[in-house]
Amino acid sequence: MPYVNIRITNEGVTAEQKVELIKGATDLLVKVLGKNPATTVVVIDEVETDNWGIGGETVTSIRNRNR
Amino acid sequence: MPYVNIRITNEGVTAEQKVELIKGATDLLVKVLGKNPATTVVVIDEVETDNWGIGGETVTSIRNRNR
Amino acid sequence: MPYVNIRITNEGVTAEQKVELIKGATDLLVKVLGKNPATTVVVIDEVETDNWGIGGETVTSIRNRNR
Amino acid sequence: MPYVNIRITNEGVTAEQKVELIKGATDLLVKVLGKNPATTVVVIDEVETDNWGIGGETVTSIRNRNR
Amino acid sequence: MPYVNIRITNEGVTAEQKVELIKGATDLLVKVLGKNPATTVVVIDEVETDNWGIGGETVTSIRNRNR
Amino acid sequence: MPYVNIRITNEGVTAEQKVELIKGATDLLVKVLGKNPATTVVVIDEVETDNWGIGGETVTSIRNRNR
């Protein structure tokens, strides 16, 4: 029954990586808490780098500086 | 004053259905809790089927198998 | 498969009202979008009035003024 | 270490305004609570006006009426 | 930089299990996406069984029936 | 109409600080985007330090080490 929300920047995550994230998060809830995987929901949100801030600046700005 | 967040997979929900979801959720809060509809906020998030997992697999995968 | 999050102030909501909110929100998703109720999740968050703001002030402050 | 999520309608917010929101929210947490800006995360979600409801109707509908 | 929110029912999760969830979710993001663990945030929300619904009924009701 | 969710660890935030966070976040949305404060909602979530992880460990563990 758990609900897991994974929020990451939108920077080329592949469908295969999403499968791994969903499988891995579900397995974690099963292993640690004995949850039922059939009703474990995992939702991945991909957020534009202009819309994600850390340290008071956008990830776009951080990526540009580190190029 | 309530805030309702409805998260669903992005599979062809129409503008009319969104109107019904927003009206229905607002009415529910008014009816059950006597909330003021004027400040009741409903936000619908449509999530790609690659990004939604249940039972440890993506909805994309479930849809493909059930075709 | 939908996930609905209802956030309200913590002001004496009863167990019966929570049952009604959960049933009502699930029914809404079934009726409007044909979703499967068995995997429809509804989570209610009750938030202290000190922690909820609207119009730039806390609900605690609004409630005190309107007594 | 705080996490701030700003949800707004998708109505032409510029990259410069996003920078201001991220900087302003981070500064607020530093000023009021003495939080470390380096680990303060701000995420902006832009939501289509069809998907945002207030007063039981969509923002699309409100905008159309007020034209 | 990812943000992971794990929502579960409040049914006796121990501090040790929370440590495992946080470590496991962080490791998953590092392994699958190469994310920096130092800025990976994991937040666990424990929700009362009266406030969690699935299949249109509360977890409290499901637990009572299955006793 | 914006919705702002501020998530912080539960470490003695006072009612006055919550007032400042709510006022500050509302003012930010008004100043940067010209939003209407009357329908701007700010919700503060205080999370136990056992339930907040960064760098793969709980804030409880970080606080204990830094004593």
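Just so it is clear, A, B, C, D, E and F label the chains in written order, and each chain counts residues from 1 on its own.
Convention: a contact is a pair of C-beta atoms (placed from the backbone, for glycine too) under 8 Å apart; a residue touches a chain by one contact, two chains touch by 3 or more.
Please read all numbers here as calculations on a predicted model, not as lab measurements.
Path length between chain C and chain D in the touching-chain graph (shortest route): 2. Over half of the residue numbers at the interface between copies chain A and chain E are found on both sides, making the touching surfaces mostly the same.
A rotation of 180° superposes the C-alpha trace of chain A on that of chain F, rounded to the nearest 5. Just to note, of A-C and A-B, the chains joined by more C-beta pairs in contact are A-B. Distance from the centre of chain D peaks at E, each centre being the average of the chain's Cα atoms. Chain D and chain F have Cα centroids lying 14 Å from one another.
Centroids of chain D and chain E (each the mean of its C-alpha atoms) stand 25 Å apart. The mean-CA centres of chain B and chain D are about 20 angstrom from one another, to the nearest whole unit. For chain C, the set of residues touching two or more other chains reads 1, 3, 7, 21, 25, 39, 41, 43, 52, 54. Viewed as a contact network, the protein chains fit none of the simple shapes, being neither a path, a ring, a star nor fully connected. Taken together, the chains touch in the following pairs: A-B, A-C, A-D, A-E, B-C, B-D, B-F, C-E, C-F, D-E, D-F, E-F.
Those residues of chain F lying in contact with chain D across their complex are 1-9, 13, 17, 20-21, 24-25, 28-29, 31-33, 35, 39, 52, 54, 59.
Contacts from chain A toward chain D in the complex involve residues 7, 47, 50-58, 60-61.
Residues of chain D touching chain A in their complex: 15, 18-19, 21-23, 25-27, 37-46. Here chain F touches chain B in the complex through residues 1, 3, 39, 41, 43, going by the rule given at the top.
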